[in-house]
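The structure appears below as structure tokens.
Letters A, B, C and D mark the chains as written, and numbering starts fresh at 1 in each.
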Amino acid sequence: MTDITDIKLSNAQIAWRAAQDIEDGAYVNLGIGFPELVARFQPEDRQAIFHSENGVLDFGPAPPEGEENWDCINAGKKAITIKPGTSFFHQADSFAMVRGGHLDLAILGAYEVAQSGDLANWSTGRGGVPAVGGAMDLVQSAKRVAVLTDHVTRKGQPKLVAECALPLTGVRCVTRLYTSLATVDIVGGHFVLREKIPTISLENLQLVTGAPLHTDGPVVDLICPEALA
Amino acid sequence: MDKTIHAPAVAVSQIPDGATLMIGGFGGAGAPIELIHALIDHGAKDLTVINNNAGNGHVGLAALIEQKQVRKLICSFPRSADPVVFTEAYQAGEIELELVPQGTLAERIRAGGAGVPAFYTPTAYGTKLAEGKPQEEFEGRMYIRERWLKADFALIKGELGDPHGNLTYRMASRNFNPLMAMAATTTFAQVSRVVPLGGIDPEHVVTPGIFVSNVIEVADPAQEEELNRAKVVYP
Amino acid sequence: MTDITDIKLSNAQIAWRAAQDIEDGAYVNLGIGFPELVARFQPEDRQAIFHSENGVLDFGPAPPEGEENWDCINAGKKAITIKPGTSFFHQADSFAMVRGGHLDLAILGAYEVAQSGDLANWSTGRGGVPAVGGAMDLVQSAKRVAVLTDHVTRKGQPKLVAECALPLTGVRCVTRLYTSLATVDIVGGHFVLREKIPTISLENLQLVTGAPLHTDGPVVDLICPEALA
Amino acid sequence: MDKTIHAPAVAVSQIPDGATLMIGGFGGAGAPIELIHALIDHGAKDLTVINNNAGNGHVGLAALIEQKQVRKLICSFPRSADPVVFTEAYQAGEIELELVPQGTLAERIRAGGAGVPAFYTPTAYGTKLAEGKPQEEFEGRMYIRERWLKADFALIKGELGDPHGNLTYRMASRNFNPLMAMAATTTFAQVSRVVPLGGIDPEHVVTPGIFVSNVIEVADPAQEEELNRAKVVYP
């Protein structure tokens, strides 16, 4: 298997790439952790409205350390701020937004994504305390569900797989993946390669992908800002 | 992002013949009269309309029915002080009526907005309005199953609106408006005043902008009750 | 059949009698029309909170003519006023109060009430435009459902019947009836007579009642203020 | 009618062993710390607790678990910055866990408050958390059926409260609190300030008093986040 550790995109670069696809006026939920990075790279000429499933829409950035108001937090329980346009609402209304299909996009992390669009991102299947939060709601009902992920696990195993081995978060829900090597759509039960970093060949990319990569048009070079590497 | 548009006509011109429409209001309170009248001017026909009532006098929803633009009405209480327009259309077989208990109507609309395709309610169990509906016992009590209601468009009336579509409502005119905003693909909100972003306290927003497609300022909106007292006929 | 037109209680007297049973702090919905009279007779030492299903709780009396605000109306579409404690909410929340069993009492009118507690009050079964409003929600879910009614129809036929002939509003829902002649509970599928006006005999009351009147204790004289007659 | 009572202890002393309890909050925001601590002092045991999380550090819900008062927890996300109390109890088999997706948890609680015994949701379809639940297709999509959740008591936290129990909430501390107020037989609300009747604008009331049994003023309430930063252990 190819060593891809030197050529792969950084998390910031993956987040940057995802941000380029967010349309002006889109309502977007960013998963806790890695996906939250996407907000930093939102293009200035396009305004996205971010939803936090604990009951906040259109919030501002984190306050300076020491100025936190712990009644004003996001789903990751980090302090946020209000800004003109912010609204607060209860959990049933918040998930009415989710379940009712009002979110244009949810961006989440993944343990595994199957070519069917099945997603596993909540349980490693081992012991420990299971926890799901709002992930199952988000993946099943946002209009588009994008995944940010390393292309392979720390041990080098594919995270894009023929079928998920881990417990599912949702079935046939993922529509696009932004990985450390490529941009991949899920269309009709197949991985369809849209973009790849220029430093990996299609053959080598296929070697680190657990199911066939289809193409249905040109594969574009995936170029991200070097400054984020 | 700026969801404000300048005239009711610009909004309702998007409504095609055959559309399903939710129209806010309980009687005249919260009824978006200017949007309805613009829809009459626009002329879309063969509409399915969801409203609590069936109009009063010869303005608003009653006028829309009088212009024969409504094929079917889904409502809970098609009576009013002056119900002649609906009553005549109904008795002439020109309009179809689906009668739904008021709480079931509200919950079906909320379900449509909240992505809940079906739910159980004790309301109407054992009555004519439960006929043909699945029924089931939970914890010793009987319930019937009801389905969500969705619409292509909602026409609603708020008090304040901002450019992102955040809304407040005036007193009891809230009624069905926030629910219908959730349950329609496209929601047009007429408001008495458009305020700048930040002009509504984040804790006082009743309908967050995610549920609203466009906001149209209609200062000093007409009240159905007052139009009817003045015996106005539209158009 | 006995002529009861001279001895029967007035609507105001029936409403007064119903008001005497409302407990301090009770949440109460009064049906449109006749039941609305009950609010006038609320004992001063007991505070009831009135719910109007169009989305108002704890409202004030009608404003003076000419000072109506038509955004501030009750379920009968009559102008009301706010007072300290009033709240407004949307229809789904309003009927969550109803369906969720949060109302202590709903008071409605009736065409017929069966000894089972079945109620018919929304459709005469004839032509015309059917209309139901919130009645079916209220009768099925308020903790107690009381009916205010003349004991007989205008034609002298019993309104308390063995089985309803008219389309039902709800099944086994009525718990107490305040009629123009008596106060009757529904217990275990039977009419149980609690009070009757002193000017009618038990035998004559039974004659104008369409199902057996049971007793399980003393029948109290039903005495209402003469001033309301 | 005056629903105010003077101390958290007076409220929670009504809670018996074996009760089912909803406790508001998402993490620390909106968590009624003083009511929970009074419940620890009161000592009721064998409780079933419904909360989004499983506590953090050694205060609030975590402390209640640490005191072995909780038999079963129904929650969506039992992880936190310092989850040691729940984790140890869970791994020792001392506490039962029912894991529910967050939106389903919210909707089940709302359904309990709204008299809806069951509803359908797409959430969790095809996953382990759907096992054993009825499933059904509506309009070409698969859904699972979920049941309402109710409780004997709700412990919630508001910002303003009036003597009739009308409540507002502070920012994102709203979360589950208004829903739990609806779904419990008895709801105790601690608020930062009790205002006279009329002190809350009728349009700004978030929880109407009909859902609230008692209001307890706790000025300057503790924030779980700050207690944990100060490494507080209760009791």
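Note that in this section contacts are C-beta pairs under 8 Å (C-beta built on N, C-alpha and C of every residue); 3 or more make two chains touch, one makes a residue touch a chain.
The structure displayed is predicted, hence computed values, not measured ones.
Asks: Applying the touch definition from the top, give me the chains sitting in contact with each of subunit A and subunit C.
Replies: A chain counts here if it touches both subunit A and subunit C, which gives B, D.
Asks: Roughly how many whole angstrom separate the Cα centroids of subunit B and subunit C?
Replies: It comes to 30 Å between the two C-alpha centres.
Asks: Report the inter-centroid distance (CA atoms only) between subunit B and subunit D in whole Å.
Replies: Each chain's C-alpha centroid was found; their separation is 34 Å.
Asks: Would you mind pulling out the distance in Å between where the CA atoms of subunit C average out and where those of subunit D do?
Replies: Whole-Å distance between the two chain centres: 37.
Asks: On subunit D, where are the residues touching two or more other chains?
Replies: 107, 110, 114-116, 121-122, 169-171, 174, 202-203, 206
Asks: Residues of subunit A touching 2+ other chains?
Replies: 82, 88-89, 92, 95, 98-99, 141
Asks: Which two-chain combinations touch?
Replies: Contacting pairs: A-B, A-D, B-C, B-D, C-D.
Asks: Could you list, by residue number, the parts of subunit B that touch subunit D in their complex?
Replies: Contact set of subunit B toward subunit D: 107, 111, 114-122, 136, 138-139, 141, 143, 147, 168-171, 174, 202-204, 206.
Asks: Can you check the complex and tell me which residues of subunit C touch subunit D?
Replies: 24-25, 27, 47, 49, 51, 57-58, 82-89, 92-93, 95-103, 141
Asks: Could you list, by residue number, the parts of subunit A that touch subunit D in their complex?
Replies: My answer: residues 52-56, 68-74, 77, 82, 88-92, 94-95, 98-99, 118, 123, 127, 129-137, 140-141, 167-171.
Asks: Can you list the residues on subunit D that touch subunit C in the complex?
Replies: Interface residues on subunit D, with respect to subunit C: 1, 110, 112-116, 162, 164, 166, 182-183, 196-200, 202-203, 205, 208-211.
Asks: List the residues on subunit D that touch subunit A in their complex, please.
Replies: Contact set of subunit D toward subunit A: 26-30, 52, 54, 76-81, 83, 86-87, 90-91, 97, 99-107, 109-110, 121-129, 169-179, 206, 223-226.
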